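What follows is a group of structures, each given as structure tokens.
What follows is a pair of complexes built around subunit A, which joins subunit B in one and subunit C in the other.
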Partner chain A sequence: MRAFQAELSKLLSLPGIWLAVLIGAVAPAFIAALDSTAQKEDIIAGISTRLSEVGYIGLAVGVQGVIILGVLAVSSEYVTESSESGGGQQITTSLTAVSSRLQLLLAKAGAVTVISLLLCMVAILTTVSTTQLILGEYAPAFAWSKLTGAVCYWIFTALLAFGITVLTKNGVIPLTVLIMNSSVVSFSFLLSKVTTLAFYLPDRAGTDMFMIMSDRIHTPFTGGLIMFSWVAVLLIIAAMVFHRRDVAA
Partner chain B sequence: MRITPGRKITNILGAELNKLVTLPSIWLTISGTFILNLALAAAFTSIGQQGAAGSQSILDIGLATMGYLQAGFILLGILAACSEYTGGQIRSTLTVMPWRGLQLSAKLAALATITVTAALIIAASGVLYTLFMMRDTAAGAGIEIDTMLKALAGATGYLTLTALLSAAIGSLLRRTTPALVILLGYYFVISPVSGDALPGYFPDKAGSYMYMLSSADKSDVLTPMQGTGIVMLWTLLCITAAIVLYRKRDA
Partner chain C sequence: MLTINNLVKRRGAQEILSGISFTARPGRVTGFLGPNGAGKSSTLRILLGLDRATSGSALIDGKPFAELLNPLTTVGAALDGSGAHRMRTGRAHLRWLARAAGLSRSRVEEVLDITGLTNAAGRRVGSYSLGMGRRLGMAAALLGDPEILILDEPVNGLDPEGIRWIRTLLRERAASGNTVLLSSHLMGELSETVDDVVIIHHGKVVANGTLAEVIGNHSTLEKAFFALTSERAGEMV
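Up next, the complex of A and B:
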């Protein structure tokens, strides 16, 4: 429990965390506002084809906030200090304080999960209220099952980013790949046009939890299950690698 | 020993080029971008082959990867600028070369020489792959060398300017992660999501006219030269801001 509190405190005192909070909490509402304004006339006229997606599109983009969170949580441990301050890495200090590597990893993953959960709650609140404010009575009803799906999607994505960064130790590559992949030009969307296997990739399966796409093939529950198994497998691999790896390597 | 001004500039340029060339992450980024670009070109080609024949030209398919490709060059620019600030290398740099404006300009010039070559090879490889795979289809029949060269030159110019812009932003922010998040967030999230809400003279939209030659059927499009001018203006603006701040700021 003390390890968990320590991880939480470390995570919340990172400078980059504010960028994550800003993107995670504010950007979804902003994008939902843009999208709702653009579609307002169509929706009022009753001809909008994307009524069910309004608002959720913001949540699909705001997930970048938790990607940053998951990546930074690990990569900040491995940043080498400048030679003037000893050239050390924070990870050596962390492992001196919490010598069980599994415990450290669990505490860290727990801290990432809790903050992602809170961030997603805030994002949902701001997004729903923005949509209500702009669309008024025409706003789509936000179903609890879909909002829960969005929360799961955020947490799983944060843990995926976390697991990948444990493997790479450097934040730049996971950050680039994951941010691009959660954008409009995502790799998995491209691949899903080439092969149907791509629908089993974590982000494509995960979005089925809360977005109704025209070409989806999973129910929300199986989508969540697929994404969860990706997360579980990745975290097990990450734990094994982290357990066996020399800290200095 | 007196050194002539011309000699000084050559020395600084050589030093900056040497620093960039010996940075492992630069080579990793370039080779990673190259491989990824070929894989994406293969994916786009296979989609193009499934689709109705002749609906898209080979150039469009070959350059469809540009949207992804720019991420590699954004990363390249940021790495070049921010590597100075990890571990205090900037102090050694400024001890040896105390002329800050000259030093940063030389760094950007050195970056540009590397990016032009890399961008040309990477963009050409994507187009050539598509050309090779699709030369037998209807779309492959009407390809002109002139148009292809123009589009490739535009793509190279756009990628180089994007890298320079990112390097300028990187040296303004001095930290890799925030610079990366801000630039990727703009190029991949804010700009595509906001769609037509943003006017067309932002760097990525104006820049797309530099290589998307065949999309000239709308009324509000820019010519390739106009696009180039606008992106150049943005880049110069950012570079000027970076140099001014770099000269004033405590390193």
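Up next, the complex of A and C:
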């Protein structure tokens, strides 16, 4: 519990985390606002094919905030001080404060989970209000089951970013790949046009928890289960590597 | 009490430590000397559970680091640099550490005062000089008021006043029965501070004893050091 509190304190005292929080809280509402405005006429005319996605699209794309959170939680430990400052890394301090590496990793993952959960709840609040503000009575009803799905999607995505960064130690690669995948072009979406196996990739399966896409093949529950399995496997591998790895390596 | 027994560390084909053994006892400052690349930092990292030994043991009060319940209150360590993220303030760094060890916020202010960082505590670590970073590292090491201190090149980057401060602090810690192990390659400084000396070279202990024993017939610790390490270097060729 002390290790968990320390990790929360560590994350919240890092300026980069507040950027993540800002993006997570604002970006989904912003995207939902753009989408709602663009779709407004079609929705009012009753010809929109995307009514069920309105709002949720913001939550799907706005997941970047927690990606930054998950990556920074780990990469900040491995940032090397300049050689004039002695070239140290915070990870040495963290590991000399908590003797069990597994405990440290769990505490860190716990802190990322809690912040992602709170952040997604804020995002839902801003997104739903924005959509209702723009579409008024035409706004789709937001179902609790789907909103819960969105929360799970955010937490799982944060933990995927976290787990990958434990393996790479450096934030650049996971940040680039994951942000691109969630904003510019989704690799799994492109792949799903080629093979149905792509529907089992974590982001594609995870979106089925709260988005009703025309070509989806999973129920929200199976989608969630598939994404959770990815998270579980990745975190087990990350824990094994972290447990064995020399700091100097 | 720190006990290193037949410690071997290999990384790939390279043997960094070839079976070193020594102890650092309570009430004494033990200096750990060796040229760059001799294996000093590797030994300290293994002692702190940061790196794994290939074989042999490095124990803190008879236990490996991973078995310590609240490590910060048993062993304080300052390795490279400040050990803090540059975007965090010095105070925030010590506060998360205090939380991890279940210590109060007032203890954070105490160690800031001891290390002379109170005025800089609200600034980001990235703006600190090397000396201030080292002081922050010392503050972290002292936070849990541990019986054992493990310090890697603690005076590196400190001004003369800082060096004197460290020397006095370490002497005081030892005088009150604590164990202090520090690595350094500043001979003159070390001979003013330590009671016992361990010299390693190419991953092997080449001298181990009290300061007087290690100096032996040489006039200074520095002369003894070069006699021991260059002799060995000669043998290796």
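We adopt the following convention: the second predicted complex is superposed on the first by the 248 of 249 C-alpha atoms of A that agree within 3 Å, B and C clash if a C-alpha of one lies under 4 Å from a C-alpha of the other, contacts with A are read in each partner's own complex, and residues count from 1 in each chain.
As a working rule, contacts are C-beta pairs under 8 Å (C-beta built on N, C-alpha and C of every residue); 3 or more make two chains touch, one makes a residue touch a chain.
Computed from a predicted structure; not experimentally measured.
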{"item": "Room on subunit A for both subunit B and subunit C (clash or fit)", "value": "fit"}
{"item": "Touched partner set for A:Ile31, first subunit B, second subunit C, both or neither", "value": "first"}
{"item": "Which of subunit B and subunit C A:Thr96 touches, first, second, both or neither", "value": "second"}
{"item": "First (subunit B), second (subunit C), both or neither touched by A:Val247", "value": "second"}
{"item": "Subunit C, subunit A and subunit B - angle at the middle CA centre, rounded to the nearest 10 degrees", "value": "90"}
{"item": "First, second, both or neither for A:Gln5, with subunit B first and subunit C second", "value": "second"}
{"item": "Touched partner set for A:Ile23, first subunit B, second subunit C, both or neither", "value": "first"}
{"item": "First, second, both or neither for A:Met180, with subunit B first and subunit C second", "value": "first"}
{"item": "Lowest C-alpha to C-alpha distance for subunit C against subunit B (Å)", "value": "10"}
{"item": "Overlap of subunit C and subunit B interfaces on subunit A (superposed complexes)", "value": "16, 84, 87"}
{"item": "Residue ranges of subunit A touching subunit C (in the complex, touch as defined)", "value": "2-3, 5-7, 9-10, 13-16, 76-77, 79, 81, 84-90, 92-93, 95-101, 244, 246-249"}
{"item": "Complex contacts: residues of subunit B adjacent to subunit A", "value": "25, 40, 43-44, 46-47, 67-68, 71, 75, 79, 86-88, 176-178, 180-181, 184-185, 188-189, 192-195, 197"}
{"item": "Residue ranges of subunit A in contact with subunit B within the complex", "value": "16, 19, 23, 27, 31, 34-35, 38, 57, 61, 64, 68, 72, 75, 80, 82-84, 87, 171-172, 175-176, 179-180, 183-185, 187, 190-191, 193-194"}
{"item": "Residues of subunit C that touch subunit A when the two form their complex", "value": "11, 41-42, 45, 48-52, 65-69, 71-72, 75, 77, 79-89, 92-93, 95-97, 99-102, 128, 130, 133-134, 137, 140, 156-157"}
